[in-house]
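Note that the chains are named A, B, C and D in the order they appear, and that numbering of residues resets to 1 at the start of each chain.
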Amino acid sequence: MLNIGIIGAGRIGKVHAESITYHVKEAQVAAIADPYMNEATTGWAKSLGIPNIYTDYKDILKDSSIDAVLICSSTDTHADIAIEAIKANKHVFCEKPISQDLSKIKAVMDVLAGSNVKFQVGFNRRFDHNFEAVRNAVSEGKIGDVHIVKVTSRDPDAPPIEYVKVSGGMFLDMTIHDFDMVRYLTSSDVVEVYANGTALVNPAIKDAGDIDTAIITMKLSNGALAVIDNSRKADYGYDQRAEVFGSKGQVAVTNDSGSTAVISTASGVTGEKPLYFFLERYMASFSKEVSLFVQAIINDTEVPVNINDGLQPVLIAKAAKKSLDENRPVLLKEIVM
Amino acid sequence: MLNIGIIGAGRIGKVHAESITYHVKEAQVAAIADPYMNEATTGWAKSLGIPNIYTDYKDILKDSSIDAVLICSSTDTHADIAIEAIKANKHVFCEKPISQDLSKIKAVMDVLAGSNVKFQVGFNRRFDHNFEAVRNAVSEGKIGDVHIVKVTSRDPDAPPIEYVKVSGGMFLDMTIHDFDMVRYLTSSDVVEVYANGTALVNPAIKDAGDIDTAIITMKLSNGALAVIDNSRKADYGYDQRAEVFGSKGQVAVTNDSGSTAVISTASGVTGEKPLYFFLERYMASFSKEVSLFVQAIINDTEVPVNINDGLQPVLIAKAAKKSLDENRPVLLKEIVM
Amino acid sequence: MLNIGIIGAGRIGKVHAESITYHVKEAQVAAIADPYMNEATTGWAKSLGIPNIYTDYKDILKDSSIDAVLICSSTDTHADIAIEAIKANKHVFCEKPISQDLSKIKAVMDVLAGSNVKFQVGFNRRFDHNFEAVRNAVSEGKIGDVHIVKVTSRDPDAPPIEYVKVSGGMFLDMTIHDFDMVRYLTSSDVVEVYANGTALVNPAIKDAGDIDTAIITMKLSNGALAVIDNSRKADYGYDQRAEVFGSKGQVAVTNDSGSTAVISTASGVTGEKPLYFFLERYMASFSKEVSLFVQAIINDTEVPVNINDGLQPVLIAKAAKKSLDENRPVLLKEIVM
Amino acid sequence: MLNIGIIGAGRIGKVHAESITYHVKEAQVAAIADPYMNEATTGWAKSLGIPNIYTDYKDILKDSSIDAVLICSSTDTHADIAIEAIKANKHVFCEKPISQDLSKIKAVMDVLAGSNVKFQVGFNRRFDHNFEAVRNAVSEGKIGDVHIVKVTSRDPDAPPIEYVKVSGGMFLDMTIHDFDMVRYLTSSDVVEVYANGTALVNPAIKDAGDIDTAIITMKLSNGALAVIDNSRKADYGYDQRAEVFGSKGQVAVTNDSGSTAVISTASGVTGEKPLYFFLERYMASFSKEVSLFVQAIINDTEVPVNINDGLQPVLIAKAAKKSLDENRPVLLKEIVM
């Protein structure tokens, strides 16, 4: 039974705590820490049977019975805590992105290089049933050589402006998942990026120096082309689709919805909207990624999303931002760590 | 160039005249007759370039340059005109049903037996692209042996009560196409029928002695089971679907619509309703059935819908009506011609 | 925290034990009993943290700390155990069917009438997301008055002949869920049944006195018509669909599959088969039905599937069997308890 | 009755001649000219009842009874013939592109400016039922303000290398339709283009100096972003889709196929491939565009695709080629006529 400590009891920390408790048989949540730990969160943690509840994550790192930590704190703290955890010889599952600061990712990589700990990054969408089906079809050769990759990713609503201001920009905050998806679906790296972006959803987003609508094209190392289209607000809900087209055909996935019900009336033939947002659409993927992290530790095998998988999307996001700023295609190798 | 005379210039007579003129290269409409021929219809016929326009269909039968006739007059006149036409040595395409009176169908069969004319019945739905695809999948063995056949057939709106009163009842007027479809899709005959029927759409239909909603089950000569569900009024339009299930799988077809457009908004994910009614859904089938009739004449081959194919659905309809009246399954052989 | 005892540690008993442990927060499995309790099952039960493991269910009934029992034993024992449990003042969740013997169901009803215990029957499909969506659309009036109900229910493979021989026949074993579905979707009772059935999947099923393919039509108390089509073996997997058609339109649900992936190649445009069988398709419904049972106990409210809901499908199945034997429509009131 | 002369009796000239004969009631083909007129083509023309068959198109222009001409000759001759036709006071329907040479388009525009003739360009896809549905949804405001436009356009197979060499390049030969589609669907102009392109289908295409796979992004004058993805070879057939996403939702269209048949077997749930190529998919659009041209002449109204609509896609294609060559975004105003 693996003992896990969760650092950060916000939304995603809670999702992981519940996933481990109910769905990951080989592990248990032995501790949780959050500087803003309050009565409600303490009550929730106790109801899950979590024995140790802290305000300081260092209490988790000090506990020698803890095998692994999940870093679910705010993004700016990920890298520093990761380094401490590695040094404390804890296996690390780190939420995405590792950092918005490339030098900090490099620092984590350096510490990791000299250690024996497992380090997994939280790109949960890789464990979604639909995207796994695309990846499998591609890797099994069902569509031949990859020529074109298309990812559509649109949120149901724009975040608050206060959040936008500190998010690091749409590419690092939202598109980063889609950059990872392009790599995951094709098992190929991104070489060059060109980004078109604008603020059409909310002018306040523009005032905050960010965009809410984008089309980003990429050249991949296998010679294929890729495109992502993003919007911060799709009125019909969370739109998460992908297509990979190749020499023998295409594989495509569309959205999940609450049921297959179709109502036909004088007004038309109407199905349900997509599941509302990531907690609804991707809940099973959160269990699966942590379960695979636990198995990689138990079996001493490779984690499914390693630190380079954490680095690459940040590089792509940086290149996309530079492309947007300079209105020209940007090579990934122009981004200096 | 085959010369065709059209008897009856109502809706379906006009459809056939236009189909032949625009789509059937080996034939031309040489004459049209209708007792209610008026200025508008005459103008329409002239615009198509039809040289001979009559009020009496006998003028068509007398014309030795006419090779074939299409009988598009009212149902009660089909059989008598067909007999006259066969005797005049014209090939006959007869709209469905040949007659609601079995003795009249028998009379046509008797006259036909001693002749060399081709006789085709107007079950146009056999030439619809969707139902042809089902038939082909079945006959090519893609679903193995047939076990279950399901036909859904619902009109967009109930006919006027005055029409209901003279229609011969829903089974002979509407379901007759579906009875034919069961035979067509399976290449098998119906042995026994059980019908449930009621008037839920419009109580006036009940007062007129008819039904507007029905589920009819059948045992087929190949051992399979079949079911038809009917309604005189589907608020979303003309619902025309079929499924055949067998030992290796299933083939199913759904409705056609005006476009593939799907609009996703806060209200849902909405596609178009089915094409409104039979003129929209089945227009291409009208050209195709007449074209194949013309080719059967030119090449002296079998017509695709022969007089037995015209008889059987009438027998099934009679059995269904008897089943409804007596609330018991009725064997087709109970129906005496 | 409600203490639940599970009687029967076969497949469905295990499903419920895991559901309660992982998904039902207000309850825990306090005991499990099975006459064939072995090392493997004991190990499994311990891994779930079930404290009491018995071979005799009477040990559960004797335990005053147990609030409710789930009867998951073989069908022929359901009623007797249910009566004992009610007398022991335990709330009862009883798997379907309560009994194949109407007098036994009546005996349960009699004992229940004088008690204060909750009694729920295990028609889990009522808690499937798709069928709930149909029921909701109907009850919210989105399709107007119900005219036609269609249920398709086909298993991925026929059970072993040895099972067929003791199953009570397809109607009581398999179609019973579909009879319940007709009632659930329409909130209406069945008045009359006509059944067509045959053995097309496997002749040994016929030799065993049973059928494997059926179409059953029904008249409902609200005046609507219903039809179920069944097969014991659909080569493409578990086919579980329903449609309800009414005065304002139709609501229809189709199958769930493992992903939305569609692969387009030179061979066609191919999606996944339906989820394989009931454990895959209906897993979430097993948690939900027990969770609602627990809530009904805690809140002292009506259970969602009461004993009459358990009785009616057995009556319909008996009527269907009589209809098949006598080849005539059978009124439910002909079936004497 | 409008008299039409067709210049060029190749594939598209024949399509138009048959469309007019069978589907355009207000017009007739009075003459056809082709320098390679042979016995087969002459026979075909006579079978359609075309009275005048020439080898020299000037014979058509000289004929004062001819009201309008359809220019269906090779692309390099379009502009010169168009100028002659305008000077001969014939209304002109010109196949796309008007010219690959911007100065020639300008010359046509200059001559046209001083005339009273109607001039329509053959962007037939505007008259496809699916794309019309998208345009209508957008223009009716159903999806709000346009944010993102996506066009997928893939041919079923690459053209012969000999054709590739003289085609003017994929952007001018194939993508030109998609550039027009972006303008048509949004009623907006293209301001800037960035093109990624490569040869993945056939290395000989690269050797011929062309590409076969591309993703092109655009900024539109209304502030929206657009993307086109192209391939010269989709193994599953002609892939022609579009999506427009906006502030209130999305409208999307997918491919047409030969039937709605879906076959479910142990191998999966398989529908038909898209209709094979443009003659299958777009046949109805060819009739419709000519019919609307004829009506614009008869009613003296605006043509639905004017000479600016012919010019703009050529400008976009030139900009895309420049972008590909220079690997940078190119403003349309950089392209000098």
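By definition in this document, a contact is a pair of C-beta atoms (placed from the backbone, for glycine too) under 8 Å apart; a residue touches a chain by one contact, two chains touch by 3 or more.
What you are looking at is a predicted structure, and each value in this text was computed from that prediction instead of being measured.
The chain with its C-alpha centre at the largest distance from the centre of subunit D is C. A count of C-beta contacts for the chain pairs B-D and A-B puts B-D on top. With centres taken as mean Cα positions, subunit D sits 58 Å from subunit C. Taking each chain's centre as the mean of its C-alpha atoms, subunit B lies 40 Å from subunit D. Centres computed as Cα averages put subunit A at a distance of 58 Å from subunit B.
Annotation for subunit C: residues 234-236, 239, 248-250, 264-266, 272 touch two or more other chains.
Interface residues of subunit C, counted against subunit A in their complex, comprise 22-23, 25, 47, 129-130, 132-134, 137, 142-143, 248-256, 258-266, 272. Those residues of subunit A that touch subunit D in the complex are listed here as 144-145, 147-148, 150, 154, 194, 196-198, 200-201, 213-215, 217, 219, 223-227, 229, 231, 233-236, 239, 245, 247-250, 327-329. Those residues of subunit A whose C-beta lies close enough to touch subunit B in the complex are 234-236, 239, 257, 264-273.
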